[in-house]
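Inspection log for the structure reproduced underneath, given as structure tokens.
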């Protein structure tokens, strides 16, 4: 249960970035989106101000706008997504500090804090969000036309364009979805630590990308599954948790994690060679 | 008879139980051009990989200059004098021509000029490269970056590299697949020069006319087995194809009924700066219009512009008397235009996607329930196409990249057809496709035209253009120089207008 | 596809095995602790910060001396990670938790979780808004007071001062700011020229000081940096501009580098915060709380001003 709760945020971000990576892109602004959306949600979540829906919609809306902005710049500018989102990563961090005036936004309402800390039928609420998000993302990827187009765009963008697919629209969608999932992660984080932290989420993008890659998503695009990503996220959670409890110094933990990321990709490409 | 430089006996190699090469033999004489022929999958590339030491053989002997080549790796065979010019040009684009030629041998050059061995003597490398290129009679700046060279120029550099390596055997894998006719002439000149210097060439190509023009001897492989070795003069087109395919092909091109309807597509005054200008033609329903011309004449560029892949500078496109503006492939498809690209790997299909997903890609919107994919309807359609086009696949789930070239091409054609086009542009529809599969694709094209689809077919193979087209539009340097009737045109006429 | 999943599963299984090992290890220590050995879990703000590492080292050696098992984890400056680590400690059934909080607000849920689970939690070095079982640390406001008073004294109550903040919003920054402003108010002759965050970082502090030198030049009389890392950065920038002997620099923590600088006279003074005493007291308090013995709810370790005169005794420590 604890591991489920602990991986929930990383898994949500990893789902988002899996969509992006499948189309051959990358999103480095995840962590900053977590901070911005968390601060925005927290701003509206003080007790006795607005009903719970307001902070939630505000946070998700902020994520949607941020993601759509990423998508807009990526599709209109022809600048590689790595650069674009490296830029928006810094922009997001700045926005979070501006919106919060550099101070943590605290004193949040009980209903809001329930999202990250509460239980439903004995199951921690973050796990429920995680499961729902997983199902929705899997369906989008496997059962919808949009999902199929994502694979096509990442598998061979010129061919996808020549097949009459609106490549830019597909990209707009994936960055926007990624923004919304990041916002969900941001809200969850804010609720769990009962504070909107402008400095929160630093480095989250790397954990999320690592989860997707360990789960078999190819960084060159065109392949990847939500199940794989979920396993990747669980694996990272299980390992860092175990290492903590085994009292392995954090210095060694980083080394172990790096070895696992490389190991997963090596095993994966060894498998590919055997097949091809 | 000249002496033998390379003899291969009973060479075999299996991959996971399947015999890719089965008792293959070869007898290469000094200074001969020896063509290695066979359909895709016949085992040519496995054979060549073993020769250059990239793969090990399971059994068999390779005797080079009287001594056995065993367990050798690429750098061994290179030193002994066997070089290969790969189809996909293994060059370093950011390095210069000279640096590429002497890549891995910088120390030799440096040592000879007396510098300490860690020193990179680029000026000596440049001087030597210039000398070498001059000897070959090609004008390429040795200090130019590789990436700015044309494919033909890169090939020359690769040959220069082989010569500087003192290669006694040079393997050329489809060297003319991406270069213009004029460049082919230069290449053949160099090959003849190499022959005169007693260098032996193993020449792999699908282009029949070239084989008969350049080669002395022809060895044919089929399904991994050695079939025969004959002097080129003993063979002709048909007998060679029969050896490769294993059966007589009575008729390459299907009958043309010649039933044409009304004009479906007409273009006026089509221009695009630096690519083509003032193009005008019409295509009727059921008609096949051939676009002929040399490499770089603007044929593909015209197709890309009509299909909305590239912007058009000026000109009008009419579909059934309606002026249309096409700004993207999406527009083109919705207006009834289909395009089968010459660049199958780049624009045709998504390699890692299944056969079924590739076939359905352009018509996914017609197979949906809300935002979801209608999986059942999709499978029905896909299976219908697979049957109609006779696509050979182990199942609809097989990845498209695993199919043979001909079947990949059929998948692309299937995808285009499913979007129900009125006009189909086929750009080099049989490039990289086996002879057997070619015949099937010709039948397929004829079927489409008989169903009333207007077809524009671009091809560099003149027999194909002549065999299939009702009319032939000839282009030269971006201008249209003639429109010929398919029945009356000859190869000579086309060539005359193509160089005009 | 199949192959790819095999690879993923292989790694996953490796992970599960790792977890399995750990669980057996965990239950073993859990079973034993009723009889003899206590288990204490500690989560530290960042093991890349020298001061925190000093605190942690002392905790480690004291735990060994007192024969308790100490599990130390690194929160890597993330409050979320810290909360999760405390959750894991609770699940593992440790006897007491020592937390070196990342954030005042955001680390508070961890305190609440531990209190709800009835496991004593001791905050060390900095505070959270939720009240823990006990607090061991130093009053950061006091350190800033000492520093600003030193400046006021050296300048004779008159001059222009710059303040370099730590990460905005963190307890140490907020408190050191409050202490500094208090003294400024009491000394109207001291003028605050500018204040900015150097984010606890030497390099950032250096470029910040360079900018200040450009804007204010000779007007600068003194700089107060919230920690030694930033203080050292300021000293470097001032030395490069040839202004060091005109400007007083004081900072907090007394890290070895800073002590050396005080000895050489480049840094005018630092404030010694006793890492060893904090770490040791934290362990002692945790053991007492776990054994339900009497303990102090708040232990404040006093700060000491370190100048050239008394730096010798600190260098020995």
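Order of writing sets the chain letters: A, B and C. Residues in each chain are counted from 1.
One rule holds in what follows: a residue touches a chain if its C-beta (ideal position, glycine included) is under 8 Å from a C-beta of that chain, and two chains touch if they have at least 3 such contacts.
In UniProt terms the chains read B = Sugar ABC transporter ATP-binding protein.
As the structure is a computational prediction, the values presented were derived from the model and not from experiment.
Q: Using the contact definition stated above, find the chains touching both chain A and chain C.
A: none
Q: From the Cα centroids, identify the chain that ends up most central relative to all protein Cα atoms.
A: Most central by this criterion: A.
Q: Determine the centre-to-centre distance between chain A and chain C, using the mean Cα coordinates as centres, and give it in whole Å.
A: Distance between chain centres, rounded to whole Å: 31 Å.
Q: I'd like to verify one number: the distance from the centre of chain B to the centre of chain C, where each centre is the average of its C-alpha atoms, in whole angstrom.
A: 67
Q: Compute the distance, rounded to whole Å, between the mean C-alpha positions of chain A and chain B.
A: Each chain's C-alpha centroid was found; their separation is 43 Å.
Q: Would you give the residues of chain A that are in contact with at least 2 other chains, written as numbers and ranges?
A: 223
Q: What are the residue numbers in chain C that touch two or more other chains?
A: none
Q: Report the residues of chain B in contact with chain A in the complex, numbered from low to high.
A: Its residues touching chain A are 307, 309, 328-330, 332-334, 339, 341, 346-353, 357, 361-362, 364-365, 368, 371-373, 415, 419.
Q: Would you pull the chain A residues touching chain B in the complex into a rising list?
A: Against chain B, the touching part of chain A is residues 143-146, 148-149, 151-152, 155-156, 158-166, 222-223.
Q: Over in the complex, which chain A residues touch chain C? Could you list them?
A: Within the complex, chain A contacts chain C at residues 2, 5-6, 9, 97, 102-104, 106, 117, 189, 192-195, 197-200, 202-203, 214-216, 223, 228, 231-232, 234-235, 238-239, 241-247, 249-251, 253, 260, 263-264, 267-268, 270-272, 274-275.
Q: For the complex, which residues does chain C have touching chain A?
A: Interface residues on chain C, with respect to chain A: 3-12, 15-16, 18-19, 21-22, 25-26, 47, 71-74, 76-80, 83-85, 87-88, 91-92, 103-109, 129, 167-169, 197.
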